[in-house]
Amino acid sequence: MSSPERKWKTIESGPHTYEEALHPVVRKNYGKWKYHEIPKPGVLMHVAESGDAIYTVRAGTPRQDTVDMVRLLCDVADKYADGHLRFTVRNNVEFLTPNKENIEPMIQELESLGFPVGGTGMCVSSVSHTQGWLHCDIPATDASGVVKSMMDSLYEEFKDMKMPNKVRLSTSCCSINCGGQADIAIVVKHTRPPRVNHDHLAMVCELPKAVARCPVAAIRPTVVNGKRSLMVDEAKCICCGACFGACPAMEINHPEHSKFAIWVGGKNSNARSKPSTMSIVAHNLPNNPPRWPEVNEVVGKILNAYKEGGRPWERVGEWINRIGWKRFFEETGLTFDDNMIDSYRHARTTFNQSAHVRF
Amino acid sequence: MSSPERKWKTIESGPHTYEEALHPVVRKNYGKWKYHEIPKPGVLMHVAESGDAIYTVRAGTPRQDTVDMVRLLCDVADKYADGHLRFTVRNNVEFLTPNKENIEPMIQELESLGFPVGGTGMCVSSVSHTQGWLHCDIPATDASGVVKSMMDSLYEEFKDMKMPNKVRLSTSCCSINCGGQADIAIVVKHTRPPRVNHDHLAMVCELPKAVARCPVAAIRPTVVNGKRSLMVDEAKCICCGACFGACPAMEINHPEHSKFAIWVGGKNSNARSKPSTMSIVAHNLPNNPPRWPEVNEVVGKILNAYKEGGRPWERVGEWINRIGWKRFFEETGLTFDDNMIDSYRHARTTFNQSAHVRF
Amino acid sequence: LNPTPMLNELESGPWPSFVSGFKELAERTKKPMLRGVLDQLEYSYNTKMGYWKGGLVTVDGYGAGVITRYSMIKDKIPEAAEFHTMRIQPAPGLHYNTAMMRELCDIWEKYGSGIITLHGQTGDIMLQGIEEKYVQQCFDELNEAGWDLGGAGAGMRTAVSCIGPGRCENACYDNLNLHLKALKHFVGVLHRPEWNYKLKFKFSGCPNDCTNAIMRSDLAVIGTWKDAIQIDRDEVTAWVEKKGMDALVNQVINLCPTRAISLKDGEMHIETRDCVRCMHCLNAMPKALSPGKERGISLLMGGKNTLKVGVNMGSLIIPFMKMESDEDVEAFIEQIETIIEWWEDAGLDHERIGETIERVGLKQFIEGAGIEADINMVSRPRDNPYFKAPY
Amino acid sequence: LNPTPMLNELESGPWPSFVSGFKELAERTKKPMLRGVLDQLEYSYNTKMGYWKGGLVTVDGYGAGVITRYSMIKDKIPEAAEFHTMRIQPAPGLHYNTAMMRELCDIWEKYGSGIITLHGQTGDIMLQGIEEKYVQQCFDELNEAGWDLGGAGAGMRTAVSCIGPGRCENACYDNLNLHLKALKHFVGVLHRPEWNYKLKFKFSGCPNDCTNAIMRSDLAVIGTWKDAIQIDRDEVTAWVEKKGMDALVNQVINLCPTRAISLKDGEMHIETRDCVRCMHCLNAMPKALSPGKERGISLLMGGKNTLKVGVNMGSLIIPFMKMESDEDVEAFIEQIETIIEWWEDAGLDHERIGETIERVGLKQFIEGAGIEADINMVSRPRDNPYFKAPY
């Protein structure tokens, strides 16, 4: 792969160093911060023990950026933030400045460039984003399109801080869920066992690996047309898609049968309640590009009910725990069904082992 | 088995009928009770909608009674309770009377007969009792002796109501635990895999049943001295004793290696918190008849700490949940060790999946 | 009596001593079996091992109800070579009159050792210590007096009820009546076990669950109510006057698991839709609060102890059924029949129904038993996408 | 550009549009690959299927870091026959200066499509869209500018840190420094994967866990403290004056998960031994409360998403380690080495370390890794007696 005329000798440096990337005021007050305030949506003020204050302006990006877009952001940084910028773990861009006066012009410039300022405090921040049809080898849907559609609807919520607490969204283009646990997540849900493409399989598959990948031992070796292949015990298969990652001939993606499910109540912070995984609350939603209106509608219902009913600091899952799942379904208009009863490894631990009951 | 001269034709009647067993005042106010009070330890007052009141005097029994003992209780019932008596689910006897004046003489008579009056309200009631060496075919210890030893120590707590809430104890003579989940339980803990008695096995064992009984598939068929037998994979075996119930040749009981473990926090009522299973907090305690001082000592430590630290209405497990397991071990002087980390089917659900930590 | 130095240690101390009881009985009746049993127990105390083995004894037409015990050391202690137990079903609620009780004692003294356990954990009167040759006669006399054998083996078992409407203001249904009807209905398979494994009913009048039903019965029938808790405002005021506002806040309001109780203008307010019927506030203020008027039962299933799968608490399967009329009772029994049919099909040998449900899946179970899915069945919806729905 | 009616729908609406971005870039640079990618994406939107397959491309001496993508429909759309991604490790905390950034963009535009993802979920800068033939040259230039490839495959992965001491008053350790040191230490196996499966670090400065470490990293390093929360009494008073007593009670005291906070003579009191370092009260009153002074990290292990075993949140393994000096950092790295050695032995192919721990047992794991049992590792001791202790 390496071209013979290579002159540079690789330095295995690992992560880029950060010192030079830090704003000078940050460098000076590194590790000596005293408190913060959120003067307005999209703006943070952090005050150091030294008395220094640094202001942050945060804006949304499409994440799937381009060099042109990044250069625009660099222009803003040069103009208002002493040539520094950073990104948040949710793909928002941040500009830090000690100059209070820079805030408003910076906001105006960012907005005029199309980058919405917001994403702070008790808002709906940007969506955890994955690859989808743009790049991944196993997606059943797109990611960027779903994110764009959702954020168009939630634009005002991004720019405002009127939720009971932070709302984290995520989306994932297969049920592996690179997007992760979130307050509300939109994740592909396969509904049919993989069809084995025997011709393809013969060429590409390390059979034992694919067999080993199945968590419920639904894959068995077989012989098809004289060639070693695999077969799926469809009664056992739980449509998890794990085999497809190991072997592209285990074709689980389907234009109609790969659906969406909506999940709620994921929480990763330790604030108040322990972190918690998400629960499924809707499924069998169509994979409907380019705008996925059906999933957007469900997300809207959940957010409305939460915004209405949540108490200050309650994350989505905490709100549900207080009002109970029964009322969650009532207030969102969604329907609980028997597929939502856990049936996997630790299912028993989700049974209601009590006489506690809500009517 | 039936003798030829049988004259009586069996009536498959099921449970005995109860109408005639109810005290007349109970019959009159059946299902129409309004409230109760506990005027003093061992005495309940229930008031009906009609205004009738019925008083209950409760006393402890050894459970392993005799006809003579029962006749004595009947004498008391005839004298003070209009010829009626009942037993509680914890082996206490109860006498119901509408006559307030009967209470004190009845208490005196019961006490003079050796039946301690108490067991009501926020007390330590009688121990859930099992069979042990007296009758069971699989016990590693006695039950009645353990119960007697414990209740001797807890006598005053039975007769008083000075605990934060009810305290339920149980004991079990093998880890099957017929005694059940309780606030504090003393249960046999096997510490060695069963030794297979091949000679005996050849005679008594339905081999496939014993094999099927093992939850971890540690039992395998084998041939010993030309006869079909079983062998135990000792690395796999979890010393559960399930096979011994299926086949008496799987000798798991041992005079030295069958030990005691102490468990806390079992709760069956739905009051406040959901019902919960017990957790192990001490093990490797010797099986030390006739008085089992080591287990008694641990029970004492737990009860003292609970009595001291529990808030009104907190059951043992609820008290621990409030103060945290770390402090439970500190305040009882017991020691947490790595064997207490769950390793069974749903072990993962007991891991601390959070950064919540107590120092 | 032979010397029993170990057992004698259990005669001291204030708690009534079973050893003294046995000894006194032995002295009076001179039954050799009692001497033998004391000797064998003493021997166990010394060697720290048990010496009973099982066998098969039963009465005419029955396949269960007698727990057979043969001594493994009968060469050493021949008097207790046989020491069988007869399990007898008491009345629901464990109520007696002295006439019943004395009659029972007399029959038992005639044929057996005179040792009597009140009661076994499952709820039986256990008459302990009879030889095979007296079992049938003893049973016949007991049966004539209105008693019947209890359960054992892979069938229906004896049930337990709390005192319920017999004394308790919390009783939400007539559990003694349902107990009697249900156990009479299943009396055949109680006497002639033929299922995968045992099946136990317990009947608690309310969620305080004074029979520990959730933990130790496959079918836990627990009283509950659907509407608002009944509040006697004057009694609330009286309570607060007596115990103080701190007590109301700390011991009632703060302990409600779902924060359904709040203080509104100094008055206690219960938000019914947030109440999960835990019983706590009613327990704390029995004069002021009572269960609602729309009463019935919840059915929890699968309770059992430690064997094989670890402890399993019962799970809520039927959130609510009315239990007032005979039709309600019949509907209940019919539902239980359907459930058992499913279990007979789906279950394995020696598999408790809770184990079957766990193995096969709760969804599959409710489908099989014709029960509708209800969010009350679970503490949360699933956190994994691993299912195939029929669409 | 060819018509892309489906994608064009994603150009309306207020949120910035990746489609517009791509199109503008394509218009300006005229790179055929961009046209191809837009066409292929449009084709996916129409057929609802993806058309990329993997392969193997890497740079000299490395075994990972380039995610290879070949089009399955290159006969239809030849321009995007290859569309590989280069994963680049950013600086801890995702900080940049514009010089670095512009240089990166320039190199990328020279060799690749110009599409750049800021950032991938694991934390990489993803340079998306390069042909195999340019990969080495592009890498060399990037490397010369201080950048290195990120992880892929069964080895160490790129890490993420929150902004930590770079701006946040809650940071309990210097996570940027630890991130840099740890990832430099494991750089070999990041570039040349050789473990059972991937291993991800995430570094959060405090239990707010702004990197979602607990859910998506095998090794979640989360700042914490051991002593009492620092209270600035004046600021508490100021807070209460501004927000009111109701807010103090309802939004702070009542939300403490362990009720460690109470009101004593109208003053907020925190019982340190009841505090579980959840962060809530500090979040609610950032000016008044700060973490204690004895700071360090907790290590949680086993976080991962849904595949095979269902979601697994990380579990607390090391409750506390100091993280101040270089020696602390070294001790930490040594501990991680021991852990990985254990996993290399005990783990199976394609088994995340959390899965190995679950399969083999937490007790066995801590023994193997030389970590002492601590009650903080579990939410409760076991409820079954199924263990063999070495006595």
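Going in written order, the chains are labelled A, B, C and D, and every chain counts its residues from 1.
The rule is short, and it goes like this: contacts are C-beta pairs under 8 Å (C-beta built on N, C-alpha and C of every residue); 3 or more make two chains touch, one makes a residue touch a chain.
If you want to know which protein each chain is, UniProt gives these names: A, B = Sulfite reductase, dissimilatory-type beta subunit.
Here the structure is a predicted model, which is why all the values come from computation and not from measurement.
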item	value
Which of A-D and A-C has more C-beta contact pairs	A-D
Geometric centre distance via CA averages, chain B-chain A, whole Å	50
Mean-CA-position distance for chain D and chain C (Å)	52
Centroid distance [mean C-alpha coordinates] between chain D and chain A, Å	12
Touching two or more other chains - residues of chain A	175, 215, 240, 270, 274-275, 277-278, 344, 346, 348, 353-356
Residues of chain D touching at least two other chains	207, 209, 214, 222, 257, 277-278, 306, 310-311, 313, 383-386
Arrangement of touching chains [line / ring / star / complete / other]	complete
Parts of chain D lying in touch with chain B, wherever the complex brings them together	207, 209, 214, 222, 224, 226-227, 257-259, 273-278, 298, 300, 312-316, 319-320, 358, 361-363, 366-367, 373-389, 391
Chain A partner contacts - residues on chain B that touch it in the complex	270, 274-275, 346, 348-349, 353-356
Residues of chain A that touch chain C when the two form their complex	175, 187, 189-193, 215, 237-240, 261, 265, 277-281, 283-284, 322-327, 329, 336-344, 347-348, 350-359
In the complex with chain D, residue positions of chain C that touch it	306, 310-311, 383-386
Interfacial residue positions of chain B with respect to chain C in the complex	1-3, 6-8, 10-18, 20-22, 26, 30-37, 46, 54, 56, 60-71, 73-74, 77-78, 83-89, 91, 93, 96, 114-116, 128-130, 132-142, 144-145, 148-149, 151-152, 155, 175-181, 209, 212-213, 215, 240, 242, 245-246, 248, 253, 255-256, 258, 266, 268-278, 287, 289-291, 311-313, 344-346
